Every structure is written in structure tokens, then in C-alpha cells.
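Have a look at the structure that comes next, please.
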Amino acid sequence: MKKRIFAVLMAGAMVVSALAGCSSQTAETTAATEAATEAAAEEAEGTEAAAALAGSDYHLAICIHSMDNEYWAQEAEGAKLAAAAYGVSADVLTCDSDDNKQLQGIKDYIAQYGDKAIFVVDPSSTANTANIAELCEESGNYVTILAHRAEGLYPKDYPHFVASLMLDDIAIGKATATALFESIGGEGQVVELQGLLGDDSATNRHKAFEEALKDYPNIEVVDSQTASWSQSEAMTLTENWLVKYPDLKGIYSANDTMALGAVEALKNKGLNGQVMVSGCDGIEAALNAVNDGDMVITNANNGYMIAGYGASYAIQAALGILDPTSIPDNERLIFCKTTLVTKDNANEIIDKFIKTKDPGYDYNDLSFCIDKYQE
Amino acid sequence: MGELLFEAKGVGKTYGANTVLHDIDMHIYGGEVIGLIGENGAGKSTLMKLISGVEKPSMGEMFLQGKPYSASSILDANHQGIGMVFQEQSLVGNLTIAQNIYLGREKEYATCGFVNWKKMNQDAKKALSRIDMDLDPAKRVRDIDFAARQMVEIAKVLDVVTESANGHAIILLDEPTTVLSDEEIQKLFVQVRNMKEQGNAVIFISHRLDEVLEITDRIYVFKDGEETAVMPTKGADVNLLYEKMVGRATTGEFYVESKQTVPTEEVILEVEDLSLFGAFNHVSFQLRKGEILGLCGVEGSGKEDICAVLVGDAAPTAGKIKIKGKECTFPNPCAARKKGILSVPKERRDEGMIGMMSIEDNIVISHMDALSKHSFLSAKKTRRVAEDWVKKAGVKCFSINERINQLSGGNAQKVIFARALESGCGILILNHPTRGVDVGSKEEIYSLIREMTAAGNSIILLGDTLDECIGLSSRIIVLRDGLIRGSFDCPVGDKPLQLDIVQKMM
Amino acid sequence: MKNKWEESLATLSVGQQFAQKVKDDARKDKIRRYAPLILLIIMTMIGAVSQKDFFTWGNVVNIMYQMSIPLVISVGLTYVLLLGSIDLSIEGVMGFAGSFVAFLVVNNSNSNDFGLLGIIAVVLISTLIGAVTGFIHVKARIATFIVTYAVGSIMTGVAVLVYQGTPIQVKDELFIVLSQGKLLGIPYITIIAFLIFIAGALILNYTAFGRAVYAIGDNETAAASTGINIGLTKIKVFALCGCTAGMAGILQCIRLKLGQSSIGLNQMFPVVTAIVIGGGSLAGGKGGALSAFVGVLIYTELANWLTLMGVDPYVKKVIQGVIIIVAVALTINRTRKTISK
């Protein structure tokens, strides 16, 4: 018995050491990104010395869901780059999609830094946006809220709610769908992979697909199913479709993960590159797939843009560079630019977003991020 | 003696092929206390269940105050004036005393579904005071001690029954004194006499014959599901009652005494100064090769706990167990089996049989390591072993692939015996080996036990009846309150008298 | 019906009634045992009639391929459910195994190239995690529902730590061969999965360990009294479940070529459901390898058929739910007094 316990302990130690192995790897990568950030900061100090000095005692809190998703990680990176550009120090607060945890994190940060605290928030839920705006208004801290905004919540009602930056899901979905239809010559059988039923983005991207469809009467949508954002489910669905629809020309997917599932199913049949696949989000594996020709298009949602410029709005307001009350109300409601990725620009995007983790944006020029204003 | 309250004519009960109660006649008059005695499994509790509405008789008729009587449930019986205080307490620990007393009758206190707890507590207080109990009815039952719980139970039954049949109620008390102290017993007796004076009838079941003699007016004696005697308490004594309870003189043939082995000198198992806190203390004995050692004692005497320790179900707090001179400890039954001790548990259906598995699997399960090659079971070997045993033990079945729970009690027990013998363990603990087994199968099981010892196995026996224990054992140890009180050699032809052993037990 | 009952009451002795009841029970048992198989045949026939593409060789291979990973999960889960326990860590272990194997073989984020060795290592680690789970359950006497949930959550966390938020893309030649290669038209993944299943079935049906699992699941007290080592058997079962969950995670990674924690997401409950449809019981002691196979096949066929029919996604969920309830209602023994919770 004792021997057995010993064996178990030994084995446990093995696992731990194996994990330690991975974490040393992660430590390296973190160090690398920090180095990059510092480099950017130094650069910023060179060019914007005055601003850097002014911002040195301000603190930016980057409030996101978690770090275990490429897009959220990009948001954190983008906001950090922006903070460095202004010489503001930055911290990442994660909330694991928990409303209370996010609010508590913000309260603690205010308690720590008082009026020197600045916030850029990817809210835990749409409902939580109102609470966040109220909270920051009360304490007098500037905040930008990304990606979600509660019905009836407007920056014009809150002097410290600098701006709302969102992604135009409909426009993005329409663009990827259109590109897909064009790639198959505007006619033939197409299927749609929907996201999780009932989810906001899933609904919008489905709506976008149907709108794009109006301009292409010769496209026949033979089936539309949900794979609940899952690669595995998307792969299974695609396998089944390939049995039933041998003439399938294109697959519209509401996100990249599902698109990659479809690509794997096509690869097993040797049909990759022949049946066209479109995705959305711009995760690394999908960018590679576009580059390899397995996917025809994806949209890089670009966390560097939305979070970086979101942070810039709040920082400029805090530093007094920008007076939120002086800009027109509707100009505080922004649809952010995103980047469509096709084979033409895939390499460039991979370089900027993945390899160097620095898209090279000038965060002082706020107008750069604006695609259009929200209605 | 008052008017005739209850009458039973030829009442009986069968479970499947087993007859547990046969042709019972009984008369109960108002204002008397009736004693009901018999050994375990004699049928007392079954009769109580029939009267109190828990179960329905398979045959015969019952009359209550001259009219045919049948009860579909306990509650139904209560409404007709018959209430039973159960041996295993039927109170719900999480509810208060008042809630327990009025469990199932909350409607009387409810308006629009909301219960008036205050009124219920007041009534509960009254119900308790009827038996001189001064308890807070708002207390939870799990917070009061066993004696008080017993009294609450009695109060509950009294309350229901007197309400529906004032002065003509029949109260059944199933071993109410087991958890009570002497003082509390006297208190209970005062209440029993009270009830009697009000014209109610009380049926009193107890293992303690002295209590029965003290409180009752008439005594019914049961044995093996039959009524062996009815007598007035006046003029009866312990010896007479005991003789009636045991009934037929012990016949050596029944227990296959011709095959009783003379134990060798070789000590297989030695227990030294073994103690389990709160169960038994300083128990020492030796078990020889080929011997049947009987452990006798009433419930709670510690005999069950000794077995639990020996099979690895409980860890002793002190003392040593030596097998063939080597000291051993077993953290679980598996370790005990590997050292050569295996038990045939008491509750066959719950602890012995693996119901969904076949006869074959049930036989080989304790010996699978030996029947495997490269850890794969040899189907040929297991089948042969199982078929051998089915034949040897006389298991009546269509095939060895039948599920064990499709067998009758006696046949299932034979399968479990076959398992014990197949296991290769030299020390077998037989815990009530003939419990719930019909007479025919009993005899077959007895010969199986004899074969076990003839093959050199040693047995520790907890008999279903004292009679059985004496008949089978070659030596008997008597326990009371966790201590060994006596030891009897039982050679063929010179078996000790039951009375001698009972005196040590009580 | 009632008349027949009364008649038999009048004419038969109690002993005969008992024998009659045993016979009746045996007959009902048989029907219940074959119900899933009958359901499978009926479904297949309906499928073949309603969809011309359903019963083609291509789709048969397709279904076999799609049931591969659930089948591998079902191997270990069958043992766990037979015990009357549950293993909620399967999804976490799968996610971990998939992520970690992607990390160890040729990939886009580091220069590892352990190949087959990496696969073996991950299987061993997964087995070990299962064993530790079982050990905690047995020694600390914490309910499996809690222990396995906690371990699952730990492993999901570890998986994310492994790939740091960016799923690792597998570039290993071995993986590509395994995922795209075929033998006699049947994908390697399917063959591997069937081999794992057969091994699991053999162990369950023909070893002392397998018997012990059945015995414990049916009646743990009785099993203990027979001298079976309960604790060790349980630890072995969870080790085995960890092992198959790990293998399922690796197979999933081979299939998807992307190592991330969501590899295991929503993989376990469909298989639990499938096993119950096949005749298994959450209370333990019932079911087995073959019933798990039938259950998984029914579940996979149903999903495949609904997709081929092009049923609206919302309606599809409803139909799936209804069929699950009907299937389980057919196989369950309703004469038992307590309803299993």
C-alpha cells in the first residue's frame, strides 16, 4: 500500500514538473511581450515626451473577461500599447464574465488610485454597462465601454463616460458573406453555420447573412444549422452536409472556430480550397487558413483597434487633451474599424497582429479608429 | 374483563413461497394487557403488522367489535381505533415534536393551507401531558433522547387512537422498552396501566420475559409462525414461558449432529483482549480447526460487532487478532478475505446477494483471482466451478445464468454458502445463516455447514435461534453488554440447556 | 387485465404465483434489454426510407466516423456509471489532453516534436489524473460529483495555461496521416476508436475487475462482504475513465488539428445520455459495453438523420429531447419503488 501511495505521489510530482515546464514557457512569452511594450513605451517617450510626463501618475485599468481567448488578449495588448503611448501605467483586470466581479474590480481600482484611475471596459454583460457608467460617473473617473451598450445608455448623459466603441456585426457579416458569394461566382449551393442559438452576435451575423443574400438571387441556401460556436460540432455538420450536398460551393460560418471545423471536414475529403469557407473574428489559426487558401475570407475584429483607441479616448479625457462634453453627442457613439482578411493581406495581418503584436497604430489620432457613427 | 374488542380467526401471512404466520386465533378484550412473546422470526412482528394495517393477511378473518375489520394503512387503522408504536421509530428527526404528533393530520390545523403552529403546539402539549410528559412540543425530535422519543411516539399514537375510539382503542407496543432505562420503564408501565383502566386494550411485545410477567394479564406465545400457547399471566413463570417459546425438544437429527466434528487442537484464530469502543470489551477466545463456535447474546450484546471487527468492517480500539499464530489487522473486508476470513452476512438481500448478477457470478466472486489467467477470467473454469457447487449445495434453478434474485430465500442462501466455500477462506462467519429460510432449506443448509467443518473450515456462528446455535455449535460463548459472561462446550449428546444459556444472556 | 389477475389469485397457490411473477419479470426484462436495439433498427429503417442519402456506404462510414470520439468517451464512462458514480472531469481532461498533445507534437507555437511519445505521455498523464481523482474520492470520501467537477475545472484551467489563450495548431505529419488516412475506406480514427472500445468491452466482460465493477454498482455492501477490494476497484475505474478521456481528447485534437480547452466542451452529457438510452442506469449496476455502443449509435444516427433532413435548428433541439425521453422511458424499469434521482 505504501509503495502504491509513493507511486501516486511520484506521478503527481511528474505532472507538476510537466506543468512547470509549460509555465516557464509562458513566462518567456510574457517577458517577450513586456519587452515589446517597453520598447513601444520608450518610443512614445521619445516622440511625445510632454504627454508622457503628464500621464505618468495616471493608471489605466483594462477590464476584460479573461486572458484565455485570443481576441481578449489582443484587447489587453492594444490597450497596453495605447497606455504606453501616453506614459500611463496599465493593469489588466479579468472578471470571467461575472458582473459583480467586474464591478468590484473597478471599485477596488478607484479605491486604490482615486481620480488618477482611468478605465477601458469590455463589459461582462450588456446589462452591466449601465452600472459601470454610473459607478465611474459617481467617482469622477473617465471610462470607455467597448462592444456592448445597454438600450438607452448614452455617453451624452454621463460627462465621464467618454465614448462607446462597438463593432458593426451586421456590416461585418454582410462583408464576409458577400466576399464568399463573390468567390463562388454569385451562384450555387451554400450552407450556413450559425453560432449559439439566442446569442447576440449569432443573431446579428445570421441577419447579416440573410441581408447579403438579397443581392444574390442565384445563391441557394440549402441548409442552415447551429454548431454553437464549436469546432467539433461544425465539423460533424459539415461531414453530414457533404454526404447530402455533393455540389456544395460555399460555407458561411458565424465565427472562425466553426469555419476551421468545416475546413477540417473538407480536408478529409480533399475538398479544401474547392468549397469556399468564410469566417469571422480573425483568430490566428483562421488567418493561417486564409493564407493557405483553405478559407476565402475572415474578418479580423482587431482588439488592438477597439481597445487601444478606446483606452486612448479615456486617457485623453483624463489628461485634459480631449473634453468629452465639447464633441457632438453622436460622435461619442462609434463603430470601430475592423479589417477584412483575404489571401492578399493575410501575411501582413499575421505579421502585425500575431508575430510582432504591434499593429503600429498612432494612438494619438483618435479619428483613425472611426468607421462610422452608431445610429 | 371487558367486552370483546378484537378477534382474529385463522389469520396467516405468506411471502412468496414462505409462510411466516399460520392459522392464528386471537381474542382481545377491553381493559386488558396482552403479552406477545416468541423468538426472533416467530411471527410476532408480522402479526402486529397485519393488525396495524401495514400489511394485509394472506388468509383468515379479523373482526373489530364484532364487525369485519381490515385496514389499508396505518392511518386507516388509527381511525378505526388501532394504533401501533413501532420498534424502529417512525418519527422524523427534522420535524418538531408537535409536527410529528400531527404528521399527516395537519389539515385539522390549517386554514387555506397555512398551518396554525401555535394551536398545534398547544394540542401537542395536551397530548404529551396525557402520559405525564413535560416536553416542549416545538423542539425538534432529533434533539431529544431515545427514551423521550419513545414517549413521543406513544403520545402520538394515543392521541390519534383515543380521538377516534374513546375507551375502545387497541394500542400495540412493539418492544417499547429496549431503549429505556429501568426508571423510564416503570413510568411507561404506569401509562400502560392508565390506558388499561380507561378500558383500552394494550398488546405488549418484549424480549424481556420478566417485564411481560409484570405488566400483562394474558400471554400469547409464538413459535415459527404458529401460536403455541395462550395462558393467563397469573401462574406463569419464566421457565414455563421459555419452554413454550422454544417448543419442540431439540432433536439432534435436525441439526445433523451425527456429523458434528470433534474439533482438533489446532488453533486457527485467536482473539486476545479485543475491544471496540462502545460495543464490546476484553473479548478473548480461540477458534480451532473444524470447530463451530456459537456466539449468543441478545441484540446489542456485542456479538454482531465482534463479527464486524473480524471481517474488517470496523477497526478494533484495542486487542489482537491472530490467524494461525500470526498477528493480523484488516482495514477492509478484502484484506480479511485475503487472510482467510469471509462472512455470510445477516441481511441476505441487502448485504449478501448481488441481485442483478447470475448465480455463477455470485458463486465465483470471492475467488476470481484464482480463476483468472493473465487477469482474464476463464469462462470454462468459472462455469465448471459454479455447476459443481449448484449440484453440491442442491440449489434449485434452471441454469447457472439465472439471476440470483430470481431464487427463493433458501436457494439464494445456498448460493451464498457456495461462494463462501469456494472462496478458499478457512474461517467463515455465518451471521444468521437460516434467517427467512423455510424449514426444508434449513435442513439442507445445516448439512452444508457440517460439510464445511468436515472439510476443515472453522466457523463462527450467530444463530437465528438459540436452539439452532446450540444444535450446530461445538462450543458457545455467551455475551451480555459487550462482555463474555460464559462459555459452554456442546459435544454431541451433552448439549447445554437453553435455560442455562438464557440466564447468562439476560 | 384485472379479471385475469383475480382469476389467477383464485386458482394459483402462492408458490405458483411467485413462480409466475418471476417468469413475467424475466420476460419484461428481456423486452427492456432489447428495446434499445429495436429502437435502433426502427430508426435506421425510418432513416433509410425518409432520406435516400441516409443508408449509403458513404453515410454509414460517416456515422461510424462521427461516433468514434463519443464511443471512446463511453468506454470509461460506462465503467463509472456502472459504479453508480459520475465523472464530470471528462471534458476538462479531454481539453487538457488535446491541448497538451498539440503542445508536444510538431506545431506552430514551439519547436517540440515528441510525436508518438508525446501521445503516450499524454495518455499516461490522463490516466494518472483519473487515478488521483479516484484516490481522492475513495480516501477523502468526497462524492464523485464534486471531486470530478473540481478536477475537471482544474484541468480546463491547466489546458488554457498550456496554450496561453491562442489555440495551438498541429502541424505534425503523424496527425495528418491519422486524421485523413483510411483503411478499406474506413478512417483510421474510427478504427482506433473501435479498437479502444473492444479492449474496454473485453476487460469489462471477461476480467475479475469487470465483475467487481458490476458487483459494486449493483450492491456495494454485498460486494464488500464478498471480499472485493472496493476502494482499489473504484480507483482503477476512474484511472480507466481518465485514460479514455485522454485518448478521446487526443483523437479530437487529431480530428480538429487545434489544441484548445473547448475540445472537450459539451462532449460528456451526450454520451451519458447515450449510455442511458442504450439501457444503462445512473444508479449503477446496469448496462454494459454493448448497450453503450447501441446508445452512442442511436444518438449519432439521430443527429446525422436530423441534419440530412434539414430540420430547423430550433425544432431539431426539441425533437432530440423528445426522442431521448421516449428512448429512456422504453428501457427503464418502472416497477421499482424509488425513482432514481
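In this document, chain identifiers A, B and C correspond to the written order of the chains, with residue numbering beginning at 1 in each.
The rule is short, and it goes like this: contacts are C-beta pairs under 8 Å (C-beta built on N, C-alpha and C of every residue); 3 or more make two chains touch, one makes a residue touch a chain.
All of these numbers come straight from a predicted model, not from anything done at the bench.
S.K.: Building nodes from the protein chains and edges from chain pairs that touch, which of line, ring, star, complete or other describes the result?
M.R.: Per interface graph, the chains form a line.
S.K.: Report the chain closest to the protein's overall CA mean, measuring from each chain's own CA mean.
M.R.: C
S.K.: Can you give the whole-Å distance between the Cα centres of subunit A and subunit B?
M.R.: The separation of the two C-alpha centroids amounts to 71 Å.
S.K.: Quick one: subunit A and subunit C, Cα centre-to-centre, how many Å?
M.R.: 36
S.K.: State, to the nearest whole Å, the distance from the C-alpha centre of subunit B to the C-alpha centre of subunit C.
M.R.: Computed from C-alpha means, the inter-chain centre distance equals 43 Å.
S.K.: In the complex of these two chains, what residues of subunit A are touching subunit C?
M.R.: Of all residues in subunit A, those touching subunit C are 8, 11-12, 14-15, 18-19, 22-23, 25-26, 29, 67-70, 72-73, 194, 197, 222-226, 228, 230-233, 235-237, 239-241, 243-244, 257, 260-261, 264, 267-268, 283-285, 288.
S.K.: Can you tell me which positions in subunit C touch subunit A when the two form their complex?
M.R.: 51, 53, 56, 58-59, 62, 65-66, 69, 103, 108, 110, 125, 128-129, 131-132, 135, 158, 160-162, 164-167, 169, 179-180, 187, 252, 255-258, 261-263, 265-267, 303-304, 307-308, 310, 313-314, 316-317
S.K.: State the interface residues of subunit B toward subunit C in the complex, per the touch definition above.
M.R.: Residues of subunit B touching subunit C: 14, 16-17, 58, 311, 313, 332-334, 336-338, 342-343, 345, 350-357, 361, 364-366, 368-369, 371-372, 375-377, 379, 406, 408, 419, 423, 425.
S.K.: For the complex, which residues does subunit C have touching subunit B?
M.R.: Checking each residue of subunit C against subunit B gives 14-15, 18, 22, 25-26, 202, 206-209, 211-212, 214-215, 218-219, 221-232, 285-286.
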